[in-house]
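In what follows, a structure is listed as structure tokens, so that the remarks can point back to it.
We just call them A, B and C in the order they show up, numbering each chain from 1.
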Amino acid sequence: MSERSRFDEFKAGMRPRLKEWRFMLKRMRESRLALAGIIIVLIFVGIAVFAPLLAPPHGDPFSVPQDMEILVIQTSPTPPSTRHIFGTTDQQYDLYYACIWGSITAFRTGLTVVAFSLIVGLTIGTLAAMYGGLLDEALMRFTDIIIAFPGLILAMALVIALPGIFAINLSLVFLLVLVVASFLLLIFHFDKKILLIVQLLLLLSLLSILFFPVQMNLSLTRLDKVLLSIALVGWPGYTRVIRGEVMRVKNEDFVEAARASGSSDFRIIVKHIWPNTIYPILIVATLDIGSIVLTAAAMSFIGLGADPNFADWGQIIQRARNWISNVDLIVANLHAFLIPGIFITFFVMGWNLLGDALRDVLDPMLRRR
Amino acid sequence: MTSLAAYILRRLILLIFVILGVTVLVFAITMLFSPDVRAIMYVRNADQLKPEAIPLIIQKYGLNDPFYVQYGRWLTQVLQGNLGWSVSAPGPVLSVIASRWPYTFEIVLFAAPLIVFIGIYLGVQSAIHRNGLIDHTCRVLSIVGWSLPSFWLGLLLLAVFAGELKWFSPGALSQNWINFMHAGVLTGTYHRYTGIDIFDGLLNGQAGLSVDALSHVVLPVIVIVTIDIALLIRVMRSSMLETLTKPYITTAKAKGLSKSVVIYKHARRNALIPVATLSGLMVAGLLGGLVITETVFAFGGLGNWAAQAALQTDIPGVLGYTILSAFLFVIANLIVDVLYAYIDPRIRLE
Amino acid sequence: MAQESILEIKDLEVKFYTYAGVVEALDGVNLSIRRGEILGLVGETGSGKSVTSLSVMMLVPPPGKIENGGIYFRSKGKTQNIMSLNDASLRDIRGKDISMIFQEPRAYLNPVYSVKDQISEVMLVHRKQEFLQKAIEALQKKGRGKSFEASVYRRVLKTENSVATGSASRFSRNRLLAWMTRIGQRIGTNFMSKFTRKKTLKSEITKEVVRVLKDVEISDPDRVAIMYPHELSGGMAQRVIIAMALACNPTMLIADEPTTNLDVTVQAQILNLIKLLKKDYNSSILYITHDLGVVAQTCDRVAVMYAGNVVETAEVVETYKSPLHPYTRALLESIPSPGKEFKSIPGIVPGLINPPTGCRFHERCNYAKEICLTSKPVFREVKKDHFVACYLYGGSN
């Protein structure tokens, strides 16, 4: 057995990234809980995708229909019947419709907020970790302050404080974007010519703000406000985690080696640092989707959430508050909150199982490294 | 000065800065509202407000002044104890807090230790009997528990235990005991020494009142414990598993120590370290979760008030609760950090 | 069992049942250690040295299992097969009759307890009666020997002892003390000390700890005793570990590469210390290393291991002068020295999941015969007090 062939053999067996993925999938298939999680999430995806078929909308799809015929007789909830599969809740909103279309709302809630937090967190966290200094310090103090608030409470405060209509100064936005862009360009050592053009545009927009401001009105639905609040409260958490991970990785030898071979910062971040930090963040994000949906539902329950007839699980349970003080009514109208609650629980559980399974699978992998 | 004392001092100084930052943030949120809306806060009875009066109020209270001027004014007010008037209570924010905190405290008093001790115990047991019955049961229960919306669990428990079985009822105290207490305070036969019904009842010789208060705390505590314990068990378990592979555990075994000593004395203390950092998060979860739980059980504590305030856009109310929570959270974190430094001597050098 | 042997390992087989397959870590190891000697155990990484030492203490971690063989330990005139002992007897032996020290000292010390805590712990477990007696004597000296107060103090001392070893956390009859134990061992003992305001078990033990620390040549033992592991340097930490191992006067000390991670100068100091202590404490030492120089310097006899077998055992001088096994020869030849051509052993150490058949060295051996491929040579005495497992010296029938 010559030395040469052993090396070839070794190299052939390598293909590390593919092997790791296959190994990960295999481990996940073996875990029953992971499978359960995947199945649950897929079921909800199915419900969301086929919502128009499962519960055909009339008009605005996210407006839960009220049974007008029964409404004239009574406003209190009716139990499940052939007319309404899950029954109706206060003011005769159809529970079945709300639950089906609520799935879409749930996905929308979870995914948009997580996406926002991830993008902001990745950008700011990476920049702060890589370039340290005053920016890093200031960022840490700022996130410290935001994290000092229990999430739900700060989100509540923001929801009532955020105006429904934003008058956005477009020039200002443009200005901000350009500032950030020039900052990034400086860091990533891009072409000087491009930098010059950007700085010229900066000057122009500065002038325009002073003399010809361009306004725009942006209106937010109540649900949007909730999502925005949760996102604003959540991004510091992601930023800190990502910053921590990047700081851990950036001192590793392979980053040093990449720098020595002349890679630009941008390349180092994208090709070396992010792939090595992404796994813990992925786990946090998956688990967070459930948490976000729960928070949004909680806010809806308090009454701060979506509009009264919006198809949202938390919102439909909020209707229950009308008779909550009377215990007998709670029993009588059990279906009105039991069924949407089951939807929420399973949705969150699916994502939790998934995140948990991911964590179990990736943890030994991380350690094998 | 011992290393522990020096560490505590350093953390205290940091704490002051964070609290200052918290006040700035809270005030900034206030400033998100336009001067017109803020003017309404200065009036007790908003319905009687005439539109013409608003500019006068803005003028009088300087609601158009620069940010830092208004902040300074606001801060001095806060430091003197004036947190504004909460229309949803109604009453001055500070006295609302003073009158409502005992009820919240009743819940936290039982919930927090239960979460911590049961969580640690189950986490350790899951780790040492890995993949055994306890481990799997805890894992499933944790995942289910953490997925439950707290208000839904509360409603469910109410339906079953209060509705069907009639063992408990919502609220903090049964109506007849409330009447009794009011009558007693008026006639001077009942003294609210601590404000906390569970203790006051005993102190006044009215054990029945205490028992009743206790029974009302049961369901909310169950809700909070079920949901918050999940994370603690998972983290304790994984931390314990990791600690048990450490070299010094081998040393402990090689010294001839019994299994329980190795696990409970050597492993567990080290395993608690990451759990300690988690407790800060848990306090946050507790403070947030209270808002929902108290609303569902109509408990009459701080959380209930915060929910009401939010619904009625009672700005001083919501922000009063926000500042309070941030303050409590920061202090809780400080306590946790100190505990952490006590458990792990290496931290004291940071 | 030979008269002077205190430990004899016969045909020890250890297997590890892993996801990747069954690792046959030890394939019939034969070893014996004599009273008052330092036996060096040399071999490359993966040869099974650590597994052998862990097996003696029955500390092989799962998924490892001892499959076969016998480990005979002679102490205080009694000979026992360690493998047949129950848990309680094993714990009795560990730390008291056989002690072990490891490679990375700071990792093997519990970071949240001070040096004193950890050393006193092992003393309390094994020398309980001795200290209780000393404390009682101290009390009796005050003239209150048989009075009610003395018996109260005796009871207090007993509880204090169980608090210090942590066994109180589950079985203490004194509930309050048990509760305090859960909060912190040291709070408990401190509280009790203040409570009694008398000379207690604690101070007796502290004196003993300081004495042991002095024995390992730590110059400022009082100060070091209250330090934490992360405050110690590597050499200091290793001395603490040695102190902990010798605290109960063990018959045998197993040292698993104790100086590998230390600076060369510190290494020399520790080696000298070990030799000194062997004399003072009259212990035998199983010294595991991959450094042939250390063996030459420190050990009386040496056993050479390869891929899960002991292939040769003899006195150090004898082995270095006339190595019999081909592997030993190759090892000695590969020691670099100025002017000599650099020689290495061709091939690599075989994987132990599918180990080579017959003699495990046959693939790299220059003298391999047909029989070496098919059957394993027996480990036997070929010259006076010189054991080898190799078909070069007969035994093929």
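Here is the rule we use: a residue touches a chain if its C-beta (ideal position, glycine included) is under 8 Å from a C-beta of that chain, and two chains touch if they have at least 3 such contacts.
Bear in mind the structure is a predicted one, so any value in this text is a computation, not a measurement.
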Chain whose average C-alpha position is farthest from subunit C's own: A
Contact-richer chain pair [A-B vs B-C]: A-B
Approximate Å spacing (C-alpha centroids) for the pair subunit B, subunit C: 51
Interchain centroid distance [CA atoms averaged], subunit A/subunit B, Å: 25
Set of subunit B residues in contact with two or more other chains: none
Residues of subunit A that touch subunit B when the two form their complex: 33, 141-142, 144-146, 148-154, 156-163, 290, 294, 297-298, 301-304, 314, 317, 320, 324-325, 327-328, 330-331, 334, 337-338, 341, 344-346, 348-349, 352-353, 356, 363
Complex contacts: residues of subunit B adjacent to subunit A: 17-18, 21-22, 24-26, 29-30, 32-33, 139-140, 143-144, 146-152, 155-156, 158-159, 162-164, 166, 169-170, 234, 238, 283-289, 291-292, 295-296, 298, 306-307, 310-311, 313, 315, 318-319, 321-322, 325-326, 329-330, 333
Residues of subunit B that touch subunit C when the two form their complex: 246-248, 250-258, 260-261, 264-266, 269-270, 343-346
Residue numbers on subunit C that touch subunit B, as the complex places them: 57, 59, 61, 90-96, 99-100, 102, 104, 107-113, 121-122, 125-126, 165-167, 169-170, 185, 228, 230, 241, 244
